[in-house]
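What follows is a single structure, written as structure tokens, with notes after it.
Going in written order, the chains are labelled A, B, C and D, and every chain counts its residues from 1.
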Amino acid sequence: MSNDTKATRYKLNRRGFVKGAAAGSAVAVAGIAGFPHIARAQAAVKLGVLHPVTGFLQFSGGQCRYGALMAIEEINASGGIKALGGAKLEPVLGDAQSKAEIGAAEVEKLNEAGVAAIVGAFSSGISLATTQAAAKYGIPHAVDVGVNDKIVGRGLENTFRFGPGFGVITKRGVEGLIEINKAAGNPAKRIVIVHENTTPFGSYMAGLMKKGLEPAGFEVVETLPHPTPNKDFRNIALKIKEIKPDVIIPSHYYNEGVLFLRTLQRQRVSAKGIYSVLGGASSQYRFVNEFPDAARNVMDCNHWFDPGKPAALGQRKKVEAAGKSYSYEVFLAYTAVKWIADSMERAGSADRARIIEAMASSTWSGHFMPYGATRIVKGQNTGAQPLVMQVQGSEIEVIAPSGYATRKAVFPS
Amino acid sequence: MNGFAKSHLGWLLLAAALLAVPVFVKSGRWIEFIELTLFVAVLGQGWNILGGYGGQYSFGHALFFGTGAYIQALLQFKYGVSPWIAMWFAVSGGVLVGLFVGYLSFRYGLRGSYFALITLAFAEAFHVVARSFISITEGGRGVQLALNRDPDQAIALFQFTFADPFLKSYGYYYVILALLMIAYGATWWMERSRFGAQLVALRENEDAAEALGINTFRTKMAAICMSAAITSSSGIYYVQKFLFVDPAIAYGPTKSVEALFAPIIGGLGTVLGPLVGSVFIHGLSEVTREAIDAVWGARPGVDLILFGIILVLVLGFAPKGLVGLAEAAWRRVARGGKAQR
Amino acid sequence: MDILGLQIPLYSWETVLGSAISGVFLGSIYALVALGLTLIYGVLHIINFAHGALLMLAMYAVFFVWHFWGIDPYAAMLIVVPGAFAFGYALQRYVIGKTSHGRDEIILLVTLGIAIVIENAALFFFSADERSVQVPYDLDGIDLGVTFAVYPELFALGGSLAVTLGLWLFMTRTDTGRAIRGVAKERQGARLVGINVDHVFAITFGLGTALVAVAASLLAPTYTVHPQTGYLFVLIAFTVVVLGGMGSFVGALAGGFIIGITEQLGRLYLGESLGLITISAIFIMILLFRPTGLFGHKT
Amino acid sequence: MILEVRSMSKTFGGLKAVSRASLSVGEGEIVSLIGPNGAGKTTLFAMISGFLKADEGSVAFAGVNVTGWRPHKVCRLGLVRTFQVVQPFPNLSVAQNIAVGAHTRLRSRAGALEKAGEVAHAVGMGDRLDMPAGSLTVAGRKRLELARALATEPRLLLLDEVMAGLNATEIDEIIGVIRDIRQSGVTILLIEHVMRAVMNLSDRTYVINNGVMIAEGTPNEVTQKPEVIEAYLGHGASERLEAMGAGGGHA
């Protein structure tokens, strides 16, 4: 297959393929029927939107897809890609079914559908496979979430990540904790880390946190890993009760986050602070609304938007009006798509290689994330960083770093 | 049994067709589709040896896939062993796990649901171990192999993603095809050997088999080893292609289910059953997905609802699998033909 | 403490006791989920792989009854349990029974297929969002000193005992119960005596599903629901059923508690992750050395 | 003596199924083992062939002590049994069924199938080679059971009620087959309720009741013995015995 992706060329390829392997090709127009008015536009630029929307990652995958489609809709509504004469973006949807091998197969499909770029694929494991498959065809691939640092920086020119990886998140997490602790007169010293250990995400996180915290004068008394899914946190609560740490640092997915925080509350376990790093539930509006007591004063270092940007708040209203949860998956995928669109504008072309060039040299600042102007080194946006939030009342407020803070931390609580 | 040569010819034609796939399929998408189908067909043939021919239904074949994948990945990751050497250890490791699980289960005479449940339990135990012993297995982080981008090293490192155009497009296809041919050749041989006859006999009736001089314990042990060897070989392909394995990929229930679906749908205890089943399952899921997408737009889950319903229907109408259904139809046609004559 | 190079942490007796008590509560949930499974296995000899999916479906039902009508999850049983019975009855009578041809491997795949359908139907109709039932008494309960027992946990514990007792009474004191036991013991014989075996099978499956719905109501205040919730309990439920003896209610109850306590203590000492190996270990040991389970009979 | 069974016992949950039973079979003989239902005949067979572990006693076959051997090992030494309730491999054809037995001596598949054909002809089912065993009649299954055992090239054949459930013609045919088998040099020990066959075929007969050997001798001798008649009478089988005995006399 050629790397050339001009629409005409793609159609030739497609016809050739239909001739070659006729099976099922009559219905091979994947995923466009949801947007029929767009699909028929002549000059549309195809964008692969690839997430695990079925299987065990379905919730996060679905949120990502929702965010990405939202961005595409907005771009089209405001006149498409102007540098391409107002060409509309046409999403080509892919479902990785929560399996890496299916993710890779979907990339092949997207390639033949002639996508100019791909956004995806939420999890680190799947993103590793999809970026690699996309690299074969030189398809620019923006990783929306996938926080594993090994996704970027393994030499794939096509692979970019707009958001932060583990390294930065834990570094900022430690810095934020130091800042908050200092402001309160350093009451916290002893720490317990609770993390999921079934996927790369939690397993890496715990190790990196420990490495960062100890030189800063904290003492990690205990690290408590648990599997995902997990049914019961009472043991962990009891252990924490016995250890009596100053700060508890949890790191896991939404379900475990909810169960963990509720268990702490039920077991009357308290600490000076709960400070999660990529906590599943801690900075999720859904959780805050449903269990305000369990969420009270929980802090979380996580992906977040710049609370000073009205666009973010507007989007939040829109998402919630649609009955969806405004979670990090939504705005990360949303921003990734916006970034790809901006790169197309800069490239003035839907050519894969030119988009890659434009992404690599991007200085985009039209987003609402707290990242500043984009600067890419080895595929990673070096300005990307998480923020530290705290649930105060029924709101999620940013408490660190001070440049973005909307409120002062309530600590110790 | 009309014509040994005829069935021989069929096999040769099938093999030739598979070898020649790159000649008439130029689409990366369809090559990938065929690759995945063959991958599950290999996984399923492993299961079929023990479950289809031997009648010992395992719910934990991920044990062998996962062990093969982990050994293949870890030897390279930790000790820089060449993938071409690691693969022999991967298969041997799978066989060792087979010996271990088989010895315990068969020594204590577990059959039927009990055997199914113990394999399930062993797979889960391996899952927990892979997750928990971080110093050995890297734990939940998984094992990620370095990506080779040097085309000259493609063969030496058994990584074809950035190889020359042909290898890049078809390299992994021929890897899985080679594994398929070995697995299916071995099964074909087995079906025509004393070992195969004895294995089938003990599936049909263990007491009678024992009375007729068959060492049922040893036959079952041999079957689980062969089964493990084939299934673990699919782990080699997986790791070399995706360069990543973690506990859930290796030992989660997904692979165990995939392994048993294909042969049961296709036809238990037949050489072609797992391949036919895998083609059917993948074809069906592709068609349902594309059809739903085309008429209704992307609706996550609907394709799988349809898939599940069709699956249950197929089971209802073809309890002996698709190969069984085809045979019955063939017999009817043949009988009809004779009657006319 | 250091035994053979393995670091065994020393915990205070309060923590250990608290952990064991948490095992009792967890065990009661296991028992609840396992009761339906063991009933179905005991009579139909089906390893029902749709069990987790049915549990998930019932939890959704409880959630929606609460969400739309504000009905408390325990009161929701009055609606959800009969519905589940009817659903299970129909499922066995018109799907499993018709398609499985009485062959084990087919039944297995049919239940797997049903699980796929239910799970993805849930994904399609209810979306992948996690849902939680919020009850006002979620945090109230009894302080046991070493640990705090909230009402939902106490209700689940009481529920598991009551359901086991009720089931036992039903099976021994009613005609339907006796018919079910008759079919479980001697299928062919029951047919000869004129029992409609297909009907009894369907009733059994319906009952098993109804039990799942009871479990769902008792679980609802504690757990979130999403299309994959069922996976939390399926494997454990198999373990409990095998440990207790396939088909034994008392076995399921005792098995639930034994597994719950062992698991919690195992996780306390070996870590939350590796501790789960205790469950697999029990499962394997029982299968090897006492396949009839603690309370099972030889078949 | 090709088979020497010495004082074997087996208890099931407090019930003595076989109690210090001994018997011996000489090379080339046809020996029968009779007794009322539940007397312990099949249990004794199961112990001789290795399916059951005896509580006490020993089995020597062809001069080798085979006590406690697994059935497949015993079979390879040349002692093979059939089952009272026939145990065919239902999804395999007649030829494949018999070939399983032939494989005990032959590695090659073709050789085993060829041998299966020969054996099938010998027992009179050469015309049913391709039929699935599951679709055979009761008589057909009995023959198949015999053929499969025969294909293992045994020196001693333990036949457990191969005539049960057959009609008179079928019984006569089977009797002929068994004679032929002995003619070919195979020793036979059989359990039988069909007295006509017992009287007809056996060189010697053992009678077992309540797990205890109560008589031994030629068929005519043992049927005269009062303890034997009593054993059967005790189970209300006197008429049948009479009838059978008379029938045997006619043949």
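Everything that follows uses one rule, which is that a residue touches a chain if its C-beta (ideal position, glycine included) is under 8 Å from a C-beta of that chain, and two chains touch if they have at least 3 such contacts.
The structure presented is a predicted model; accordingly, all values stated were derived computationally and were not measured.
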If we define chain centres by averaging CA atoms, which chain lands farthest from subunit D? Would you check? A
Suppose every chain is reduced to the average of its Cα atoms; which one is closest to the average of all protein Cα atoms? B
Between B-D and B-C, the pair with more C-beta contacts: B-C
Between subunit B and subunit C, what distance separates the C-alpha centroids? Give it in angstrom. 32
For subunit B and subunit D, what's the span in angstrom between their mean Cα positions? 44
Using mean C-alpha positions as chain centres, tell me how far subunit A is from subunit B in Å, no decimals. 34
Indicate the whole-number Å distance between the mean C-alpha point of subunit C and the mean C-alpha point of subunit D. 50
Going by residue number, subunit D touches two or more other chains at none
Where subunit A touches two or more other chains simultaneously, the residues are 53-54, 58, 62, 197, 225, 227
For subunit B, jot down the residues that touch at least 2 other chains. 128, 131-132, 300-301, 304
Which of the chains touch, listed as pairs? A-B, A-C, B-C, B-D
If we count contacts the way the header does, which residues on subunit B are in touch with subunit D in the complex? 1, 192-194, 197-198, 200-201, 204-205, 207-216
Enumerate the contact residues on subunit B facing subunit C in the complex. 51, 57, 104-105, 108, 110, 112-114, 116-118, 120-122, 124-125, 128-129, 131-133, 257, 260-261, 264-265, 268, 299-302, 304-305, 307-309, 311-313, 315-316, 319
Note: in the complex, subunit B contacts subunit A through residues 24-33, 36, 39, 128, 131-132, 134, 139-142, 144, 146-147, 149, 161-162, 168-169, 238, 241-244, 246-249, 254, 283, 286-287, 289-291, 293-298, 300-301, 304
Which residues, counting only subunit C, touch subunit A once they are in their complex? 11-12, 14-15, 18-19, 22, 25-26, 120, 123, 127-130, 132, 134, 138-139, 141, 147-148, 150, 223-224, 226-228, 231-233, 264, 267-268, 271-273, 276
Complex contact set, residues of subunit C against subunit B: 45, 47, 95, 98-101, 103-106, 108-110, 112-117, 119-124, 128, 235, 238-239, 242, 271, 273-274, 276-277, 279-281, 283-284, 287-289, 291
